[in-house]
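Below you'll find the structures, each written out as structure tokens.
In the two complexes below, subunit A is the common chain; its partner is subunit B in one and subunit C in the other.
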Partner chain A sequence: MRIGAIVRIVPDLVMGIEIEESEIVPFKYVPNERDEHALEEAVVFKEKTGGNLEVVGIVDDELRDDEAMEEALALAYAKGADSLKKIVLNRRTFDRREVARAIADHFKDYDVVMVGIQSIDSFAGYLGGILSGVLGYSYVGGVVGVDYDGGLIVQKELGGGVVGKFRVKTPAILGVVSAERPITFVPLVKLRQAMKEMKVEEIEVEVPDMGGIEVVRFYEPEKPEITLLEGDVEELADKLVEVFKSLSLV
Partner chain B sequence: MDMLLNRLKELTNNKYFQCIQCGTCGGSCPYGAYTPYTPRRMILAIRLGMVEDILNSNAQWLCTACQTCTSRCPSRIQITDGIIPALREKSLLEGKVPEELSTALINIMRYGNPFKESPMKRDGWAKELDFEVPTMMKKKSAEVLLLPECFGAYHRRCKQATKALAKVMKILEVDFAILGREERCTGDHVRLCGEFALFEDLMEKNMKVFRKYEFKYIVTHDAHAFNALKNFYGLNVLHHSQFLHDNLEKLKGMFNELDYTVTYHDSCYLGRKNGIYEEPREVIRSIPGVRFVEFKRNRENALCCGAGGGGIWLDSVMREFVKVRPAEDRVREAKEVGADVIVTGCVLDIPMFEDALKVTGLDGEIVVKDIAELVLEALEGG
Partner chain C sequence: MILVFGEEFERDVTYELVALAKRLGDYKVVVSEDFDDIDGDVIRVERLNWKVVKELHDRFKPEGVLFANAPSGMDLAPKLAGITGIPMVTNVIKLENGDRFKATSLTYGGKVLVDLEVDKPSIFVVNRGYYDPNEGRGTPKVERLDLDFEDDVELIEVVKPEEDVDISKAEVVVSVGRGIGDESNIELAKELAELLNGVVAGSRPIIDQGWLPKSRQVGRSGKTVTGKVYIALGISGATEHVEGVKAKNVIAVNTDRDAPIFRIAKVGVVADVNELLPVLIEKLREIKS
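Take a look at the complex of A and B:
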């Protein structure tokens, strides 16, 4: 079983941007949380099948040496990845179709590729789906568990708490929402060791500009109307009930 | 295995094999009746080469680092700071980490706090006060460096205690400052969980910050931070009960009467680990109107709140073994002695006991206050 997993880095929403009197402290990057789940699931799947796991970092040219990408790959190595690649994108636009097309050739040699179902820098988070379209592979999103009994069996969340089990033809791309076990902590000693020992094959990729979409205008969101409720507790409770009624909530 | 034995030798000063199998440790342990491996059995299993059996049982995680076993062991074996963390380290390296603990450790490594909060917001509690708490970055030197530690800085309830302590300092006209966003976890729980490299990394980064500024001593209301700073960082640090005690003459003149029956919970890392028993009691007793009653198990024999050594992130492991949490027993004990206030000396105690009050239905009958909160109340007139 040849397993692939994709890891990307995204702005760290925990840290945010700090605007100070004299400077703007820019945000830092972190490994994309959904990809961390995809990686964890890929590690679980490797343990189940005894397969070979290759982890592929995808990163923009200006972030190629960002420590978050190094951390993402080192975490993968420490967790048991057999080999590591880093695809460096040279691109001018941020269209996932273009990215999928550009990297597709590098995902032809796997039976299963796991990728996070979303990343906060991508509004619709559809890299996995498009990649499978370009390659002509099966695709399942919302994945929460992967098994193997000679064929691929995938558990997928269907909404409303319902989980379905599907037999999936390989090669396949799986969009992981949550690994079947929590993300395991890698102790600092192992992380440092991985950073020292890991070898990463770097691949430069030109992202084609497919055109077809042009920004006409961005709209600011409408300002919500705010009504301040005032009065003592009793009055406030009555007013709140009125508001809920007007919104058909009670 | 060699790594484990080396770690055991290092952490116990080569004493772990001097265990005489007396069983005092297991008999003293709050989890002794439930765990498949008491410290005595752990040591025996290590001798017999059955380490994996211990790790697979998860017993290494069923310990809240309360120090009771260590303080009573006739062979003076470092169980809490040695045997348990060494086994936990092996567990971590094998990737067997309980879920909540895993998340807390990932967050501490990335953000310097277990809550996945921005380090930039570490001084958020100070901004909720109606006076400015200066940062060392601005002030460069101060007599006292106030260190809230992670829970005291971010936790919704614990930061009330931090604010109370800052207010008391203001009333006492103490020249104090905080590190704000430059502060990060001091790492005592990380160490007790066996993540020694992360502990050293935190210590190195914290020491770099401490060295930038001039201060006479640190004051903290987090007993674990106090323990780490005193015994591992080697810094001049006072627990806030000591600080309040040092200022008691001045405080006494300002106290108003309170009408409470108070009991005092000895936190493990103040009492058993660092021998601080009398200072908090003297502070409480000096508040007029306060009737002081002792828990039946007090001082060296006090029962742990269950949060220490990462216990606060190990609840699901504990629940596999134990039906009643130690904190629940503890609040029932407070009821038995007729207390309506439990005064604590470590911020972690507060959420542990407040949760336990809800579980036991004693919420409303007993309240939990940090010693700084009680002192502030007496200063502000109840």
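Take a look at the complex of A and C:
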């Protein structure tokens, strides 16, 4: 069983972003949370099947040495990935069709590829689903568990807490929303050791220009009028008690 | 012509797609279940999978294809985009038709809107809650098509979660997010819920950590809360979460005064939930006693 997992980096929304009309300027990048779940599920699946796990980082050229990508790959190595690759896109694009076409040739030899169902900076496609269309692979998104009984059994969220079990033909790409277990914590010492020891094969790819989607402007959503309470905690607690009283909660 | 693919697992959102399609021009709606009150031309197929989607796309050659940002749409839309290579926009909250489509997408965890111009034909995955489902209701003209293509993905079982409490029916829901910091702090939220005669719930990261059971998840993948009050503690308010918040009054506590959760709140409190909760609980205890 050849298992692949994709990891990407995205703007850190906790650190904040600058919204300019023509672009979003992040202050810092972090590993994409849903990809972290995809990686965890891929590690679980490797444990279940005894397969070989290759983790592939996908990153724009200008961020190829960003510490968040190094961290994402080191986490993968520390968790048991057998090999690591970094695909460097020669130009930045928001269009996931372009990314999928750029990387497709490098995803032809896996039985199962796991990727986060989406990344927080996406508005033009979901990479996993599009990649499956390009490659002619099966695709299931919203994945919360993967089993193998000689064939692939995938658990997918159907909304309202309901889960569907699907039999899926391989090769398949799975858009993971949550790993079936909480993400394993990797201590800093182990992470640093992984950064020193890991070997990453770098591959540069050209991103095709497919056109068709033009960004007119980025902007912040309007803020509706609300009662915004600020101040010290004692004062805020008193005000909240009054709010609760007005709603007949106390 | 606009081609709408109804949502297989969450039926109501299909009406919202129809409401949008009516504003865009002529349309047809493809469904795999019986809907007796969709307004307009309805194509009933036996099952909806990517082969059926591709066949109907090739047959009708629509200028625009609409899917819902929901379990079925999120699988079928990107697959179609990958096969055909046509443009695809996700998290759409507004769409207008003209020489090109004008779309607005909500992205970066609900912190950014982006206006786009998109060539035809193209695919749009539309968020819930932006178009009135009642506008999609009416009298259907149903045509049955025998398009029973086998898929490479086959549903074999549906598993419903075990429920201790139905948070969707609770009048008061105290909900915790990543800002709660540590699992032990959930006890504070439970205590607050108890003092307010409510139940405790959580956002996706809390459920992912296993700190609360799946039945307590609020949002697109979990339950929609519809009661009197929803108290969001340390929840940023990502699109997937706020889609599940339909309570009459939302009170949000967050350290980030720009957090998207404040956009749906009636009362916002800028504070660290872990500093605020012990003080608030103490005051409520005093009142109760």
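Convention: the second predicted complex is superposed on the first by the 198 of 250 C-alpha atoms of A that agree within 3 Å, B and C clash if a C-alpha of one lies under 4 Å from a C-alpha of the other, contacts with A are read in each partner's own complex, and residues count from 1 in each chain.
Everything below uses one rule, namely that a contact is a pair of C-beta atoms (placed from the backbone, for glycine too) under 8 Å apart; a residue touches a chain by one contact, two chains touch by 3 or more.
Here the structure is a predicted model, which means the values were calculated and not measured.
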| item | value |
| --- | --- |
| First (subunit B), second (subunit C), both or neither touched by A:Leu249 | second |
| First, second, both or neither for A:Val241, with subunit B first and subunit C second | second |
| Touching partner for A:Met15 - first (subunit B), second (subunit C), both, neither | first |
| First (subunit B), second (subunit C), both or neither touched by A:Phe185 | first |
| Residue contacts on subunit A - larger count, subunit B or subunit C | C |
| Subunit B versus subunit C as contact partner of A:Arg97, first or second or both or neither | second |
| On subunit A, positions contacted by subunit B and by subunit C | 182-183 |
| Footprint of subunit B on subunit A - complex, ascending | 14-16, 18, 25, 30, 79, 182-185, 187-190, 192 |
| Interface residues, subunit C side, partner subunit A - complex | 9-10, 50, 70-71, 74-75, 77-91, 102, 105-119, 122, 152-161, 163, 172, 195-197, 204, 207-210, 214-215, 217, 220-224, 228-229, 236, 238, 249, 251, 257, 260, 262-263, 265-271, 275-276, 279-280, 282-284, 287-288 |
| Contacting residues of subunit A [partner subunit C, same complex] | 11, 13, 17, 19, 24, 37, 95-97, 100, 117-118, 120-135, 138-142, 153-169, 172, 175, 177-179, 181-183, 210-221, 223-224, 226-230, 233-234, 236-241, 243-244, 247, 249-250 |
| Interface residues, subunit B side, partner subunit A - complex | 89, 92-93, 95, 97, 99, 101-103, 105-106, 109-111, 116-120, 195-198, 201 |
